[in-house]
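Structure record follows, encoded as structure tokens.
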Amino acid sequence: MNFQFVLDNLAALTVTGLTQGSIYALVALGYTLVYGVLRLINFAHSEVFMIGTFTTTIIWAALGFGVGAAAPSTLGVLGLILAAVLAAGAASGATALVVERVAYRPLRKRNAPPLIFLISAIGASVALMEAAGAITNRQPRGMPSLVFPKVQFSIFGADVTNLQLGIIFSALLMWVGLDTFINRSRLGRGVRAVAQNPEVAALMGVNKDRVIMLIFILGGAMAGAASVLYDVKVGLTTYSVGFLIGIKAFTAAVLGGIGNLRGALLGGLLLGVVENYGAGVFGNQWMDVVAFLVLVVVLLFRPNGLLGESLGRARA
Amino acid sequence: MLLELKDVSLAYGRIVALHGISLTVDEGEIVALIGANGAGKSTTMRAVSGLRPVLKGSISFDGQDITKMRADLRVIRGVSQSPEGRGIFPGMSVRENLEMGAYTRRNRPEIDKDLERVFGLFPRLKEREKQSGGTMSGGEQQMLAVGRALMSRPKLLLLDEPSMGLAPMLIQQIFDIIVEINQQGTTVLLVEQNAQQALSRAHRAYVLETGRIVKEGTGAELLHDPAVKDAYLGVA
Amino acid sequence: MVGLLVGAAACAKDDDGGDTTSASSCDSKIAFFGALTGGNAQLGINIRDGAKLAVDEYNKANANCKVTLVEKDSAGDPAQASGLATSVVQDAKILGTVGPAFSGESKVANPILSKEGVVIITPSATNPALSKQGDKTFHRALGNDASQGPGAALYMKNVMKVQKTYVIDDASEYGKGLADQVKTTLAAGVIGSGVVKEQQTDFGTLVQEINKSGADSIFWGGYLREAAPFLKQFREAGGKAKFVAGDGVKDPKFVEGAGATAAEGAILTCPCVPPEKAGGTFAADYKTATGHEASTYSAEAFDAANILLQGIKAGNTTREKLETFVDGYTGEGVTTKFKFQADGDIDPSAVAVWAYTVKGGQIVALERTPTS
Amino acid sequence: MLEVDNVTIRFGGVVALDGVDFVVREGEILGLIGPNGAGKTTCFNAITGVAKPTKGAIRFNGESVAGRKRYKITRLGIARTFQNIRLFPEMTALENVLVGADARHKTSVVGALLRVYRVPVKRHELAEVTATGGLARLAQQARRTGQRFFGLSRHTLEERAARAKATELLRLVGIDVRAGELARNLSYGEQRRLEIARALATEPGLLCLDEPAAGFNPAEKEELLALIRKIRDTGVTVLLIEHDMRLVMGVTDRIVVMEFGKKIAEGTPAEVRENPKVIAAYLGVPADAA
Amino acid sequence: MNALLESARRADERRAKAAIGIRDRWSSLPRPWRIAVLIAFIALLYSLPGLDIPLITTPDTDFTSVLFLCAVYVLVAVGLNVVIGLAGLLDLGYIGFYAVGAYTVAILGSPNSPVVVKYPWIVCVPIAIAVAMLSGVILGWPTLRLRGDYLAIVTLGFGEIIRVFALNSDITNGNRGINAVPTPSEADWPSWMTWFPTIHEGRPVFSVSSVIGFYWLALTVVIICMLGVRRLERSRVGRSWLAIREDEEAAELMGVPTFKYKLWAFAIGAALGGLSGALFFSKQTFINAQGFDLFTSILWVAAVVIGGAGNQLGVAVGAILLAYLPERFREFTDYRLLIFGVALIVMTIFRPQGLLPSRRRTVELEDRAKEAPVA
């Protein structure tokens, strides 16, 4: 155990943690939206993220930036990232929608019990992952180096790079956009209404099926955006990339209070930071253990997560 | 005829809750359903608003068969329900709850006008506009539920136990408002346990018992029917 | 009733389970044992093709007395390995195996194979513990990880002339073992060390630390899945230190993952001989037979199969005889000069650790690493 | 027997019960009435440990209920039914009652698995516990002479006793012919009765019935009335929430009237019926009186 | 398209009804008959390795080894069924208990483990069961108060923690693993069965190359455990579990100590998981962290639900399919998980009640379907 190391590098670990946590938070939004409305753990969401990572490589390659290509100008990089966000967001959103149509809707029509949904979700997850595995021959796929980290400024002794700033900032931006949409717009109100009381929402004229489609698309798009950030940061993806990130993101969602958008953000960032501290203290290999232990401890004291459950309900 | 139920049966699981209910509501009426707890009043409402699929029989509204129509589409046709237990969205403010009532409508100026109308009917709600629905008292929630149902500009307003949990003063008030709403041109179908109030305000009423209609008549007739008195007041 | 059925079961097994002296010399089999499917299939296919080439050449030369190559696909999964090993054992015609290919499945399969005398020559499993398990028929056609570590370190010290090395491992047996040996050999040249976890993708902190430490080289004990993103992030952050890694990283996918620019100049060591440097006409024959270039472990598999085939050719058509033959075998293969120690490991003098580098996006062989 | 002492319950900002005070006397049938939303069911929840009083105390036979686990409250001797029927729908009627009966059983998990712990059975008990035929009868004959040595496993003994008891209770509420049917397949009335049987199986001193007659027709209500009397006659005290005035007036010994979480009246049915506050609250003020 | 789906579903429902009909006929058979048929069936199971039935026998790999794997998976499913099917607790990290049992045997018994004491197999296994059971209690004590979905994620975390621990801890030898895990020795074999090894070509019953002893051992254990679980199922314990699954609050108000029974379910499930891990790795003789991944754990849950949670025969069938199909159809190795995933979705749509459902669930699902809201 190495507490001294963590104390010495607290700021640096916090920044890397926030960067990782931003990606968790974006993926967690998808879990939280679906859970908030359907009370269903969308196990296949991790694969929705995975599809996004591959879409990014494909779109870049299509634009002439395959593996090893030299990075274009700053403006070009931004353009590439934007294109990837759009493409990956669309692909992930579409994947999520297909999962909903194929794996969940028939069950909803039959009013199946929750456990059955879970099994169908597992099935969708396995099928998507293995299909990607078969197509890519289970080989990792790299992407061009687009962003070269440069230290922008130092805060409390931590060097903050442009990459880290970009990731955290983009994630926050996406989150603010989603939060505004859910809390301010008419459709968003419909989503919250279905989450809080689906029956009464129907009495208000809310089409539940449409709301469900909407949340799958929104959650998928968020995962797609997260996958672009992941690709820029890591530069490599495989067919099984979603599994661990999915579990972490779901943990983050539960940590913050599942069904709660603010909780997803808080949970994601917190999980990223805490597991980095934990990795600093106990060693990298214990990172996941720390993450899960934090979850258990939080749930024991706050059984509904840090910010409580329920979509759009800002209560403690 | 605005609403017509023909021989409607409905079941929860294997328990049949309605055994062939037939009733009609004409435009401009207040019609009350009365009966003991478990007699099937709320279930009838759920059949009309589409929250429960009917087993048998048909429901037509405004000349159209809506038996198999989804609940949210019925709202667009003009059926609006203030559900039993009020069903306030606890995580939304009073204003947001009212806006939810107008979910199917797009015409902003019209909606704003209706908001003012509801605030006019229930000044209390105006005071609490920003408060979250979950923290309001029972009476305020009831007002909100009725106000919200009005926001969709319904042709038919379904009210499920509007007096539940209200103090006598408030009960008076809410029934006054129901009559007012009715006079402004909205047809009302009302489920009520407070038989005295309901019958004295309603044009017509049906008495339900174990999922069947056992009696119907004008409010005044039923109010003075000894059998009804017996069942509700415990005095023969 | 149960007893009766069991008796029948035992009889059925008798036909192929028991004594093998009666087997004629012309229906012998050898088995390939390794992954043909799953995530690590490529290495398995390389090995299978190498062995197949050897068997085909043998059968062409001995058309009247052919040997069959049986393929046992383990998908690299130890849990599947035991059943496959048992099925190998039960086929008395199978005298020896090329494989098992990976160390994990070897630990499960070797005791089973060895107990029934099946001769094992692995062309790829480099875990040092395999020769210490007490499996008497185990042989290894190449150096183990213990021989690779010093080779890599000596190459760094004597050829690359590095001064300050940062050593990273992934806590796996393979990676940590390799890293530890490099640390021992380089001794004072190591200025720092770090651990990464399986499937780690973010190396921000580590990269910063290495850059701060002023290291001129990095040794990576681990696999390509973590090495590729690490090197990419390291180079993107402006890291200039030379990158050295073992055979767990030596794969074209590493170059693809890290990007050719980032990977350029990385040194990869392997106790395997570059097929194009293999003796004879192996590389050309392989290309003709399979239609693609020989790759990692193909040549070793070719040699391993050939040793078994030579034994069979010499009339050693029982497991016992073949075992004796292989134990006493000395001979030149396409990769190196073979001679096995008592524990099954190849004689240290025959171990060939090669250094490779990434050049223009391709992994190319440089030279054999110094032995001292 | 049961004392509800100045109990207040708040949910968030809403006061569900406000200083409610009453006692249930041994052997009586006490009615609890009031309009919907008056806090009657909350009162039940407080008594059975589902809701925790913010203030005040509930004592059963002198023992405080507060802070006890719910199943321990049941074992103290308080059983209840639910306003919205809450049976175990995928279990048979008999099994539902057996779950209730298990509250009085002592077989442990290990005991149920190994079934070696033997309880000596007295001769006169044998006839009762070995109701099943065949092998059991043979065993019974073998044991007649040496029951002291063999006995029955506690599991077997309790299981048989429970079955006997459950069958009897089902007969009491009149649905013994439906014993093997899944609870969800029973009719509404049968389900209500099954709930009562299940509650009785826990051998309560106090039985709390939450609107047992809801959805019943007059004939069924009559039968229920008789059943409640019968239950009281077996020595069980009954606390009854009911809307049907005729039923309440007909069966109860005393009535407590609630409105807005407060007790507004208490007395014999005749007294309560005459109380103007009750008439105003429960029956509703006539429109013309306003 | 929809019409096609509908007709397929209806045909399938008819099949399901037929299956239930068979079961009804079965339970109406006189008891001696049923026992006789059961004994014959069990005898068939014991003699499967020798029968060499065409089409069923695995072509590429040793059939007895596959049967052994099936038996171990059935044991896993029986244990998981107690947790999921009977008590209704969703445990996604069940493999953690499997690992705990396996490692306990390896650490206490292998000469190559870091722990000095060495016990024979026959001593290790009961300890392994106890340790696994204890780990179930330790995990369950704080977490069983949590709601269903949260329990799922916490158990998932537990499974992962155990794996990471096995991968990085010194006591498990890290990823290097432990070899020479003890196997049941001839000394454990009852002396009156000395005739036995002779019929098997002089090979010891429990040798690495003779799997039949392991298969018979595993099968025996499975039968004993299934009978044991059945006993619990048909006692107040099973009734309490069922009641908890149906309506936890009502169960508690009827006097069921719900927490205690949930903890028992967890502990029993954990013990069975530990036992199956111990059995499997006794035969495997080598153990490392590979093979304890969460993915397998999740597949187990899927197998149990697909087989028909709550029905022991059903979950056994689910487990056998999960173990057997990949070995039988090795040519599809690369696609088997893909096929499996698709099959899961199709199954949930057509047969949500599982292959061999418990009767209760069939009725429940029918009724739920009827109550589905207006489309």
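Order as written gives the chain letters A, B, C, D and E; numbering starts at 1 within each chain.
The rule is short, and it goes like this: contacts are C-beta pairs under 8 Å (C-beta built on N, C-alpha and C of every residue); 3 or more make two chains touch, one makes a residue touch a chain.
From a predicted model like this one, the values you see are computed outputs, not experimental measurements.
Student: Chains shared as neighbours by chain C and chain E?
Tutor: In this structure, the chains that contact chain E and also chain C are A.
Student: Chains shared as neighbours by chain A and chain D?
Tutor: Expected: B, E.
Student: Starting from the Cα centroid of chain B, hunt down the chain whose centroid lies farthest away.
Tutor: Between chain B and every other chain, the largest centroid distance is to C.
Student: Ranking chain pairs by contacts, what comes out on top?
Tutor: So the pair of chains linked by the most contacts is A-E.
Student: Whose Cα centre is nearest the centre of all Cα atoms in view?
Tutor: If one averages C-alpha positions chain by chain, the most central is E.
Student: Please name the chain that ends up farthest from chain A once chain centres are defined by their CA atoms averaged.
Tutor: Result for the farthest chain: D.
Student: Find the geometric centre of each of chain B and chain E from their Cα atoms only, then give the gap between the two centres in Å, rounded to an integer.
Tutor: Computed value for the inter-centroid distance: 53 Å.
Student: In whole angstrom, what separates the CA-based centres of chain B and chain D?
Tutor: Distance between chain centres, rounded to whole Å: 34 Å.
Student: Measuring from the mean C-alpha position of chain C to the mean C-alpha position of chain D, what distance in angstrom results?
Tutor: Between these chains, centre-to-centre, one finds 73 Å.
Student: In whole angstrom, what separates the CA-based centres of chain A and chain E?
Tutor: Centres of chain A and chain E (C-alpha means) sit 33 Å apart.
Student: Multi-chain contacts in chain C: which residues touch at least two other chains?
Tutor: 38, 41, 171, 198
Student: What residues in chain D touch two or more of the other chains?
Tutor: Within chain D, the residues that touch at least two other chains are 89, 184-185.
Student: Quick check: what residues of chain B touch more than one other chain, meaning two or more?
Tutor: Chain B, residues with two or more chain partners: 13-14, 50-51, 70-71, 134.
Student: Once bound in the complex, which stretches of chain E touch chain D?
Tutor: So the residues of chain E touching chain D come out as 228, 231-232, 235-237, 239-240, 242-243, 246-247, 249-258, 261, 264, 268, 360-361, 363-364, 367.
Student: For chain C, which residues are in contact with chain E within the complex?
Tutor: The touching residues are 1-2, 5-10, 12-14, 17-18, 36-38, 41, 72-73, 75, 77-80, 82-87, 89-90, 104, 107-108, 111-112, 115-116, 129, 133, 171-173, 176, 198.
Student: Which chain A residues qualify as touching chain E in the complex?
Tutor: Spelled out, the residues of chain A in touch with chain E are 35, 39, 41, 102-103, 106-120, 122-131, 133-134, 202, 243, 247, 250-251, 254, 258, 283, 285-286, 288-289, 291-293, 295-296, 299-300, 303.
Student: In their complex, what parts of chain E are in touch with chain A?
Tutor: Touching chain A: residues 84, 90, 142-143, 145-150, 152-154, 156-158, 160-161, 164-165, 167-168, 294-295, 298-299, 301-302, 305-306, 309, 334-335, 337-338, 340-345, 347-349, 352, 364-365, 368-369, 371-373, 375 of chain E.
Student: Looking at the complex, which residues from chain E come into contact with chain C?
Tutor: Against chain C, the touching part of chain E is residues 40, 43, 46-47, 49-52, 58, 60-62, 64-66, 69, 167-168, 174-177, 179, 199-201, 207-209, 211-212, 283-286, 288, 290-291, 327, 330, 333-334.
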